[in-house]
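After this come two complexes, each holding chain A, first together with chain B and then together with chain C.
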Partner chain A sequence: MLIDRRLGIFLAGLFVLVVVVPAGNLWLAGQPVPTYLVALIGKYLCYALLAVALDLVWGFCGILSLGHGAFFALGGYAMGMYLMREIGDRGVYANPTLPDFMVFIGWKQLPWYWWGFDHFWFAASMVLLVPGALAFVFGWFTFRSRVAGVYLSIITQAMTYALMLAFFRNEMGFGGNNGLTDFKDVLGYDLGGGGTKVGLMVLSAVALAAGLLLARAITVSRLGKVLVCLRDAESRTRFLGYRVEHYKLFIFTVSAMMAGVAGALYVPQVGIINPSEFSPANSIEIVIWVALGGRGTLVGAALGAILVALAKTLLTGWLPEVWLFALGAMFVLVTIGLPTGVLGALEGGLARTRRAPEPAEREA
Partner chain B sequence: MRFLLRAALVLLALVGGTAAGAADFGALVAALPAGSYSDRAKVVDDLAQSGDPRALAVLNALAADDLKVMPDGTVVIVDDKGAAKAAVDGTDKGTPAADQLDRVKVNNAVRRAVRTAIGVLTLRDPDPAKRLAAAREALRAADPDQIDAVDSALAAETDPAVKALLAEARAAAVLKSDAPAADQLAAIKLLAARGDDAAIAALAPLAGAQNPEIAQAVKSALASIAETQRLWGLAQNVWFGLSLGSVLLLAAVGLAITFGVMGVINMAHGELVMLGAYSTFAVQQVIRLHAPGLFDWSLVIAAPVAFVVAGAVGVAIERGIVRHLYGRPLETLLATWGVSLILQQAVRTIFGPDNREVGNPGWMSGAFTLGQLQITWNRLWILIFALAVFAVLLAVLKRTPIGLQMRAVTQNRAMAANMGIRTGRVDALTFGLGAGIAGLAGVALSQIDNVSPNLGQGYIVDSFMVVVFGGAGNIWGTLAGAFSLGVANKFLEPFAGAVLGKILILVGIILFIQKRPRGLFAVKGRSVEA
Partner chain C sequence: MSAPHPIGGLPTEALPQLYLDGVSRAFDGFKAINNLSLVIDKGELRAVIGPNGAGKTTMMDIITGKTRPDTGQVLWEQSVDLTKLDEADTARLGIGRKFQKPTVFESHTVEDNLALALKADRSPWATLFHRTTAAETARIDELLGLIRLGNLRDWMAGSLSHGQKQWLEIGMLLAQDPQLLLIDEPAAGMTDAETMWTADLLKSIAGERSVIVVEHDMEFVRALDCKVTVLHQGSVLAEGRLETVSAMPEVIEVYLGR
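So, the complex of A and B:
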């Protein structure tokens, strides 16, 4: 079944959010939902999509990627480059052809890899293609030579670390340390306007729903069964005649593209993309979202992302020094005490109180 | 030196009946205020040539504008209290009023002459270090007028290092003079053997010499110097690489135990290094407050403290967390990452977020030169320390009962347990050993890196790369991995820049792992896949 109860409830909740938030922000008197909250919710939804992408590879294929932040950031940079081009001559230096930071470091012409980002369609396809291509090439080499387990995790971490170092360099032409920022509008809509923010948030929600449905469709298909199979017994799957590396490569690439979309939606909502998005710490934080929510449940991953991001927003606001303690404790306690995540524990609890077998639980 | 001079003076006195040298010196000093600036410069040169021990004081006074003339024409040196002493024989002349004294004026040409003259005189200083500095200055100045002075100094010189340098200084001066071609060729040969920037500076102007033989000789000398410098540059890169490699080795060798031998991914490894660095800081604080005299020993005291602190935290991590997660490496990775966050924040809360000042003891600071290599003591000590830690670790693993048990447990846990080894205790000790070594690394790194709560973060990716590159489970592989990565990094840096070099190394390792997923020195055998 494509939409089980768990996914149904989540999608319904998402639908309510899509109706209530815009209404509260744009149409109701007194604006009960302030605009900053809209942007915040939009940001959480992007995180949720990113978590779903990671859950797809980690939960269903056993690939613990510590570099998913890189795909997210690459998607973000692709969108950021389009937004930079949208600024046109409204930058500080009012240069009609070059973004501000290039004028600042004395470049005379636009480097070739910026060509085409004036067009939204081009940028949008790059959002998918760049992370996808990186994941494909990286996965092609890695899976073919059967690098797995912690070795894979560590080299994915090295990958995002290398990218971070690279993007920090001014000569790369992506704004160096400061990244891309000062965006004005997207597709002609003013990014500062409340309407645009609501639109982006709704888009993020739609993307999350689409991502969940796609991931669910993959995992319930025959292909999804093979994925779970190779997660649990890779050698046996290979001996049964499946080309394990092809399955892994497929799911890794799809997941990277999904992460890229999340990044692309994230950037216009927060208004900046810089190399710190590539930092290994960011990528590993994604893992805790999935682990907390419930690995291999998709919906749980999305929930986990929202819960942790919410906790981060609240705690860093109230007690900044406590946040890292809380995050660290979360890592330790969830891995030791809550292997099925919050969702697994909740559903397990529900099942026990009803004393009825829960078929959906075994599926994960 | 002094003895020789004195002997010479005595000889002069005996031969001439009157102290001819002293009279000359007196005449020269008396001549100083007279005439034009160029006359004065000439007198200064003569003073230097006289080699009289009193000349140095006179020239120093002249350079400092302290050389004055009394109304009666006596040249005096005035000290900063205004007391005047005769320049020739040092007799006290009281404290004359300032307006009674005439300054012996100097211009830039005279100052230059004075500086050279002081250099020539210092060539006969009793202190070899001062003579060496003077000889180096003479080499740089390469003044043909000094050849005689250098020659006489050379004849009297006993210290071989100073002697060699003086010969080179003489050669440089000869090149500037109009000495016969044979002398010049010899000089070129001598300088070519020196083979550094000073030699190039002395030789380069002669590349277009009229005498084709000399021009040819200079050209080939310059080429050979360029070759020498390239080799030294290579050696410099190797040294920097070894130094970086030793840092990597220190950071990674603890990981080689926990990850390589035990198979536990410990993401908090970097934070254990950081704890070691903060232990050093704490020990130094205590020493500063209570026993400042022990400061030079602070690192020696800090090492065991850091080992115990980091080791204890390591044992706690193993007993509290890792123990529950054996066989689940990915979960271990996440849980230890959580520990690393907690440790970072704990240190930030206790010590504050800023960098902490860890001092270098005397024996760690400064540098020495080896040929054209500049080697800093702290880097050298860290290299030695890293190798020592490695050797001790190897000895513990291979030669002690506990090392035997560690290897037994990691190779076959069930069998080891059957043989009566308490595997749980051995696990804790092994993890504690790896953690303690991370603490030792922290002591060393506190000397060259900023001690901040983020210290460990910078090393975690690198040290995993080293262990993976060298091959998990193989301590020697870690050694080879650390040094080859360090050297490769330093050789890439001149071409690619520091950041791009590092990126290239990372990409290189990622590609390398594709080819050899088990690292440079893979453990072979049945236990590998387990």
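So, the complex of A and C:
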């Protein structure tokens, strides 16, 4: 079944969010939902989509990618490049074609890889194509050589680290360590306006719902079952005649594109993209989200991302110096205490309370 | 169905299903397989015995394309060179393999295990858009009956007993509709009754398909009632009926006498 109970509940929750938040921000008197909160929720939803993307490869196919932040960041950069071109001559240097940082380092013309990014459709297709192509090429070489397990994780980590170092360089033409920022508007809508923020948040919710549905459709198909086979018994799957590397390549590429979309929606909402998004720690945090929420459940991954991001926002506000310890402790405690993640524990708890009034059944 | 060929000699009438000639493979100087030659006829049931380290598993690895031989010829139906193929290729060609340790997909149901093994297009695209057909369901029902798991079709394979997993794996092999089945120690860990029933099952499979069984259990090999190949140090030591080979002094020395 495509929409099971847990996905149904989660989608219903998203729908409520999409109704309540815009109403509370734009239409209700006294603005019970402040604009900063709208942007914050939008950001969480992007993280949730990123977590679903990772769960697709890790939870269902056993590929522990420690570099998924790279695909997210690349999607973000593609969107950021479009937003930079949208600034036009409203930058500090008022150059109609060159972004400020290029004028600053003395470039005279737009490098070829920035061509086309003044068109939204071009940038939008790059959001999918660039992470997808990187994942395809990376996967082609690693899966074909049967690199798996810890070695694969290390290589993905190295990939995102190498990209971080590259994007830090000014000569790369992506704004060096400052990244891309000072965005003005998207498709003509002012990014500072409350309406745009609500629009982006709603779009993120829709993207998360679509991502969950797509991931669910894939995992309930026969292809999804093959993925679980190769997660649990790769060699057996080969001897059944399945070309394991093709399956891994497919899911890895789909997942990277999904992560790219999450990054593209994230950037206009936070207003900046810089190389720190490629940092290995970011990618590891995604793994924590998924593990904490419940690996291999999709909805759990989304839930985990939202819970951890929420905890991060609250804790960095109250006690900034303990946040990392709290994250670490959370991860250790959940791994030991809730092996099936928060979602598993929730569902287990529900099942127990429902059964509790029938002691006879338990004794039987 | 091919007629039983004369014991001991090379087949004269039927096309060989599988033909290994002068195959050698060394690992770090140790010759796991040393000038091994073996011919399996279409529809033949063959038992392969030999002490630990005789090269039985490496032989299966070579036939299925998991390991490449250093020298020698491995031919499928006298035409296809198996040394050029990998595991997925040989599986698609019609070679099914069952491992010593039963490996079924534990987090799938018994039915799904069989469904995933059914002969069908194995490309990601085909599996993504696959819809179960009535013919597939009928075939699964048939297999479930054959391996006696009809009442457990919705069980997770992980919750089956050891013997049931062995049967499920044999069922998965049959679902692939292979021409040749390679079966590694199917009776390991089975009760006597299960062992005898498994021997009957394999005998009923042979004829339509070729079957190679690697086994340690002499009772089981006797129950298979077929030609036996004795491997020793990577090559064939003796070949013939169990009574014949078990009487040979060299066989007694390396294997049976211990």
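Going forward, the second predicted complex is superposed on the first by the 354 of 364 C-alpha atoms of A that agree within 3 Å, B and C clash if a C-alpha of one lies under 4 Å from a C-alpha of the other, contacts with A are read in each partner's own complex, and residues count from 1 in each chain.
We take it that a residue touches a chain if its C-beta (ideal position, glycine included) is under 8 Å from a C-beta of that chain, and two chains touch if they have at least 3 such contacts.
In this text, all values refer to a predicted model and were calculated from it rather than measured experimentally.
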item: Clash or fit, chain B versus chain C on superposed chain A; value: fit
item: Contacts of A:Thr340 with chain B and chain C, given as first, second, both or neither; value: neither
item: Touching partner for A:Gln269 - first (chain B), second (chain C), both, neither; value: neither
item: Partner chain(s) touched by A:Thr196 [first = chain B, second = chain C, both, neither]; value: neither
item: Residues of chain A touched, compared between chain B and chain C (which is higher); value: B
item: Chain B versus chain C as contact partner of A:Ser283, first or second or both or neither; value: neither
item: Chain B versus chain C as contact partner of A:Thr297, first or second or both or neither; value: neither
item: Contacts of A:Ser65 with chain B and chain C, given as first, second, both or neither; value: neither
item: Chain B versus chain C as contact partner of A:Ile218, first or second or both or neither; value: second
item: Partner chain(s) touched by A:Thr253 [first = chain B, second = chain C, both, neither]; value: neither
item: Angle, in degrees and to the nearest 10, that opens at chain A between the C-alpha centres of chain B and chain C; value: 90
item: Superposition-derived minimum Cα distance between chain C and chain B (Å); value: 8
item: Touching residues on chain A, where the partner in the complex is chain C; value: 218, 221-223, 225-226, 228-229, 232-233, 235-236, 238-244, 246-247, 250
item: Sites on chain A touched by chain B in the complex; value: 64, 138, 141-142, 144-147, 149-151, 153-155, 157-159, 161-162, 165-166, 168-169, 280-281, 284, 287-288, 291, 321, 324-325, 327-332, 334-336, 339
item: Residues on chain C engaged by chain A in the complex (per definition of touch); value: 64, 86-88, 91-92, 96-97, 99, 103-108, 112, 115-117, 122-124, 127-130, 172, 176
item: Chain B to chain A touching residues, read off their complex; value: 265, 267, 321, 324-325, 329-335, 337-342, 344-346, 348-349, 457, 461, 464-465, 468, 499-500, 502-503, 506-507, 509-511, 513-515, 517
